[in-house]
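Common to both upcoming complexes is subunit A, partnered first by subunit B, then by subunit C.
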Partner chain A sequence: MTTNTMDHDSVASALCATDVRVQTDAGVEILHGVSFTLQPGRILALVGESGSGKTTAGLACMGHFRQGLAKGTGTVHLGDGEMGNILELPAAQLRGLRGKTISYVPQDPALSLNPSMRIGEQITETLRVHRVGATDAERRLRVTEVLAEVGLANDPAYQRRYPHQLSGGQQQRVGIAMAFACRPSVIVLDEPTTGLDVTTQAVVLRTIDELAARHQVAGLYITHDLAVVAEIADEVAVMLEGDIVEHGATDQVLFAPQHSYTRRLLAAVPDLAGKRRVGQVEAITGEQPLIVPGPHGIPDSTSTTPLVDDAKLLPGTMPRTTPADTAAETTPLLRLRDLSLSYGQHKVLDGIDFQLREGESMMLLGESGSGKTTLSRCVAGLNDAYTGSIELFGEQLATGTRSRSSEDRRRIQYVFQSPFSSLNPRRTIAESVGVPLQMSGINDKHRRRMLVLEALDQVRLGERFMDRRPGDLSGGERQRAAIARALVNAPSLLVCDEITSALDVSVQASILDLLRTLQTDHNMSMLFVTHNIALARHISQRLAVLQKGKIVDFGTTDDVLNNPQHSYTQELLANVPAFD
Partner chain B sequence: MSTVEEVVAQDPVVARPPRLLARMMRQPQAKLGMVLTLVVMFLALAGPLLTPWLTGHTSTEFTGRPFTDIGIFGTDNLGRDVFSRFLDGGLRLIVYAALATALGMVVGVAVGMTAAYSGGRVDALIMRGNDVLLALPQLVFALLAITVLGPQGWVLVVVIGITHAPRIARVTRSATAAVITEDYIRASEMYAVPKWKILLTEVLPNITGPLMVELGLRMTYSIGFVAALSFLGLGMQPPTADWGLMINESRIALVVQPWGVLLPVAAIAVLTVGTNLLTDSLARASADMNVGNKK
Partner chain C sequence: MIAKMITKRLLVSLVILFVVSLLVFVATLLLPGDPAQAILGQQATPERLEALREQMNLNDPVWVRYFTWIGGLFTGNLGYSAASGGPVTALLSDRIQASLVLMGLAALISIPVGIVVGTFSALKRGRAFDHAATGTTLVLASLPEFVIGIGLVALFSTSVFKILPSVTMAPPGEAVWNYPVQLVLPTITLVLVVTPYIVRMMRGTMLEVMNSGFVEMARLKGVPERQVVLRHAVPHALAPVAQVIAIQLAWMAGGVVVIEFLFRYPGIGQALVDAVNNRDVQVVQAISILIAAAYIVVNLLADLVGILTNPKLRTEKAS
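Moving on, here comes the complex of A and B:
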């Protein structure tokens, strides 16, 4: 890794931050003396969970402090240091610096690009503001050049597009092109790939890597995703509560971590191979009895012994003794037949068939726009515009929740993606969790409270959370409360829609842990919807890959991962970032 | 349906008033507004009890010749004691204004929430009907109704309340539209919670911020409205003591006997400024909280 810095500038650093401290307006220090140096052509990853101060540190490099933060102390020097301390520069000078010498790529390109401006014009504007290039013709040439560099088309027609005419990945590449347009010496990237699916993420990461090396730009890559770090960074600094707790070369930090926090963080990252044990409980993939999958979409009711206990075991785990009643069960818990849904001409779901047995966990994998959320909402009855049938225990369900019986509603429970939106901020946790009970006719307040407490205990929240409101809870705690609401009525099927995507890895690990425990303890079935293929071996026994409203690959988790049939699955697997 | 009362009892509409009010009262302008409002409210509410005892006259008693200096603030056009009439004249104004505001809020909020939550054709129908009502000038509508039905208290309240409702409905609809996209509304739908209950327990507590602001604003307008209608002779009828009416009766002798106009004008002005300051700081407090909640 040190070889590529042997060029002209191997000793001088591009940016040197020393003892940077940032306080809130209220006087609470949230960054406690952070120091790091960025070298040309190399990328330093700033890793940490939400609230660790990584973004604050990154923005401090540009002399920017978010609202509610006081101006930081410490020193940030650029290159040879002739600009002086960035933290003390007046606003006018900082404006000249930002975008020209230090540029920034924000997390969400959809929010950072001006929706009413053509992309070519937006990049030109940056150049014009910083007086790069003498004439407009020269600037246009530069725009063409940078667009090509980030792998986009650069013809005038493309430059005349508006941001909404581009995909998320393309928008982010425009953002990167804009950041590189003035040939900065330092670039701060704030989770630029978080909202992208793995295939696009791989392309964007490659682009950043190439450009940083080609133009000798020093990169500061802020992320919470350790797998991405392994792909892109030369050095890693791990942040915990406003401190850098470990700093070193990527290989060293990821493979020989010194600090216990780094080790914990690494242990929480799910891996595709399923070797790592995420959370306290064993992965369920091999532990659970697995039902032989029938041919795709055709019910295998002919099979008399639908169980294999030994075929899919992980090394070292013992086969679980199969309860006899499970073997006798022949009707699947859930069966979908020719489920379709379209909005006008656009087919969101196109003939989905699959079935799920009792106690089985299935992952529904797909990128954004593949229809996976729509599918899960159809199952939960939140979307009643579908055609085809959904059967629960062999009985066809009505389409919408309101027309389903209260018993059917009890059996299928749905957990929403964002814990920040799924709980009413004005109601206490106990009230929110109690709603399903109330609706299934349990009117006795004390009884309800007992059941709520039981559910909260199951998700390890306990009594002290009952009378708090969501605003007092962290994201992980809120998601647990949301799961408690789903569990309070003892469902047969839990539909989880991307429930860990808004959460940190360590929180994700504990949620996965919880779900595995619940599944084994209550013999509950689970439909786990996600875009993160790395979770597959940690949560599911079956895997269905969804693309453009169709299931393109289906089978046991191991079968699909080891022997992907469809080119889309193969592509997904090839692009999964991993660090071992 | 036996759970209905229970739920309503369990979930007070304003779920966290202390924090919002505490935030509001931290602002100096809110304190000032509160003092101004309370002073006028006290005068208006306690005034009728004080009249014969403090001033020695009731509000309709003739004490001397018109426009003289008898008593603290002199006499009005019919020779009645101005101070007595002033003390007696605020209560009805404030009660009518409060009732009209409450009526407008209830109707407007119900209509606005229903429109936003139903969406589609129902929404379009309600809101276009709303637009028709908005197109009628408030005063003209009030004049028409009062001319037809006569200047009675309930007519005043209903007319002002009804003319407020479309404006409140607009605000409510936009506030509701922001809330109904949240997943907790979808969660309630999933559990088949009755629609009216979703509106009452899930939506309403989350839009109290803008609604409180609207409430304050509409209260201010109502006060001005009732006073204006009385001034025009369409509100309170003589010989009732009323601030709006007093201004009208005494304005012909503004130079000779200014108190007959100045006292009620000052009271209405102070009350309006006071409620406006309160509303303003309430708006700021609720906006702050929303920012804090968003994460």
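Moving on, here comes the complex of A and C:
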């Protein structure tokens, strides 16, 4: 990919959107006049956090508005503009364009492929409705061709598969094949790699990049992941609350950002090298009032957050492991011995051994299906079907929470992945956070409220959140409340199960910052479960890589990242997208 | 794969049927009174009672009677009716046919109507058609079947119009379908009872499916709306609706009793009412088993529809 922008005007644009505005049915404007141009063979990344309107803008290019949104205004012209304004086309003409001239790659192929249609048929359908190819035989030929282009097997047996018979990455490549089938001139990609692990993501990105270049397709790549942007995009448009606040060549936007929002967004992205310290940024979406004034906030030049911060990272290993007390090393906080769990023939966990010292943070890294969540649930006693032993301070724990003592339960606390489902929507935050206190027998209401307030203060939520309900809180605030609930009883071990994966990067940064502070201030141990290797240097002293229920790589974070032993870890590291 | 699953379901069905037969048998054992006494009346002499008990095998141990009975089920011998003295099979065969005709007609009308109305209701969400459909179905679903039946009788045969007969009066021995006019009201009543649930379920699942990712994808692929609905949406909405239809059909097998009684329709429902009144144990057992078998068969059919519309159930997972 070249990143020079010199031939902007010499090449006819493939799609030109001008002043596109979209309102909800209730009349609230959520897209305030967005304009951009797509060039053949080049990819524009539309970057923003959840709620910034990036998907709405992408779908508006196809004349599609999701439920609850009214038809947008403004103009969207394709190519030479002879079709007229897409937003004003009658349904029949619009249908003729969709899938043929301008096509769409969905965010989650597992939801967007019809589960009861064979994949070959789904691609053929696109060709058939647009009358590409005279006969079904010709269309089948094209299906075979396009499947090969995206790097999938293309024999008839493969074409007769159903979506559930493919992996996530294969499903997404079917989605891409479907989008490229009619040789469109514009393609809208809506976070096509969000659900994929890094290795698969790298393959999918390469496929998109190659196809766009080879067929001179103009791409609109919608994403929240700035590291992916660096890999794939020629140009970047940064969106904030329905506005494009910064627009330029990728290098320029990523390395010399003009707008303060872009700078904060960039500063929040965790990097593998750990050069930046994420977290010393104000959270951006919904957490704090925005500093940027107005829809087209003038880049404020007063704050100059440097990209590379004074790397204030966690120490690599804990000072306690000085040679003097290694031998006399007191019992570790947590010790797992030969922990195994299987469902029937399927081994989810296959002999896990490790120790966690007091005050230490360990990252448990693995992709979906590696058993990492099962492992953390076993530690917390939420899953009691395991064999092997879990010791806390040298004492073996009973398998399930029900048979553990309330003291044991207090000492291990768990924070769930989604703050949207882990808080009871009908309870106020104070009630939810107070539950563990009730369980450990603190019945005095006043005292409980004091402790709850203290916990909320720790997570920087404060008193005004006490009597609100989860519905009034943003995702980041909810996750803070969930962490407060885990902290209120002063646990010895905090198990964090993918707690930032449902959150925007800026919110993730503030949560990471919070956890680091808590860990160092209270000498709390932490088991941080994630699939995102880029977080490693930002949160953990030690790193365990889990694959198929086995720990394949283990050591201090630096050791594992600098000198990975297992091929799987090496592969993960090789595929991490990064922009510096 | 499919064959294996179906065999498995069939075997499970057999086990269920066996359990049901036990329950039915035990239940009739627990009925108060002596069947022989009930048949012969209070004035019967002890000798005659004893002779009848012997004839009905009432003196055999319970388990022998159970196995004789269940053996009879397999050979098509359902025993002899105590009231009429004739074989149960002969007594019931006409009745079963009559009931099947009624249920078949009702199903033939209510299933397509329910699916079509439900689909349109979902597609026209919030418009007049949708409001009318949801309102009407809510009212109908909340009325008991005999109220609907009586209402129809009042409307079409007694008070307002006098165009349809309110009772079935086929001469004995002649098939009910020779008098189609008499079938109209019972059929409409059944249809009105059953359809609302199908409509509401179809509407609900269609709304959900129309909001799904693959329907949006199909639209963004440029697939014409008609094809989006027929090809992508409806097949997905059908699986849960099939379960509701199965429950409704099964309900018909039992619930038809009240409606048959209301219209004096000579089906198994009426036979069941008569048999209970006459303490005709063999007939009660036979009808109970029949209704249980009907439940099992329709649920099996619903499972089949579920399997056919969901490839996840009939293909191997990704390797």
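Here, the second predicted complex is superposed on the first by the 521 of 580 C-alpha atoms of A that agree within 3 Å, B and C clash if a C-alpha of one lies under 4 Å from a C-alpha of the other, contacts with A are read in each partner's own complex, and residues count from 1 in each chain.
Note that in this section a contact is a pair of C-beta atoms (placed from the backbone, for glycine too) under 8 Å apart; a residue touches a chain by one contact, two chains touch by 3 or more.
As the structure is a prediction and not an experimental result, all values here were calculated from the model.
After superposition on the shared chain, which partner residues are touched by A:Arg95: those of subunit B (first), subunit C (second), both, or neither?
A:Arg95: touches subunit C, not subunit B.
For A:Ser260, select first, second, both or neither according to whether it touches subunit B, subunit C, the two together, or no partner.
Neither partner.
Let me test your reading of the model: by the given contact rule, A:Thr387 touches which partner, first (subunit B), second (subunit C), both or neither?
After superposing on A, A:Thr387 lies clear of both subunit B and subunit C.
Quick check for you: in the superposed arrangement, does A:His64 touch first (subunit B), second (subunit C), both or neither?
Only subunit C is touched by A:His64; subunit B is not.
Who does A:Ser567 touch here: subunit B (first), subunit C (second), both, or neither?
So A:Ser567 meets neither subunit B nor subunit C here.
For A:Gln396, using the defined touch cut-off, is the partner it touches subunit B, subunit C, both, or neither? Pick first, second, both or neither.
A:Gln396 contacts neither subunit B nor subunit C.
Mind pulling up the subunit A residues that touch subunit B in the complex?
380-382, 401-402, 404, 406, 409, 414, 416-418, 420-427, 431-432, 435-436, 438-439, 443, 445, 469, 471, 485
Under the definition above, what is the set of subunit C residues touching subunit A in their complex?
It comes out as residues 211-214, 216-225, 227, 231-232, 235-236, 309-312, 315-318.
Which residues of subunit A touch subunit C in the complex?
59, 62, 64, 66-67, 91, 95-100, 103-104, 106, 108, 111-117, 125-126, 129-130, 162, 164-167, 178
If we count contacts the way the header does, which residues on subunit B are in touch with subunit A in the complex?
Interface residues on the subunit B side: 2-3, 6-7, 10-11, 15-16, 182-184, 186-193, 201-202, 205-206, 292-293, 295.
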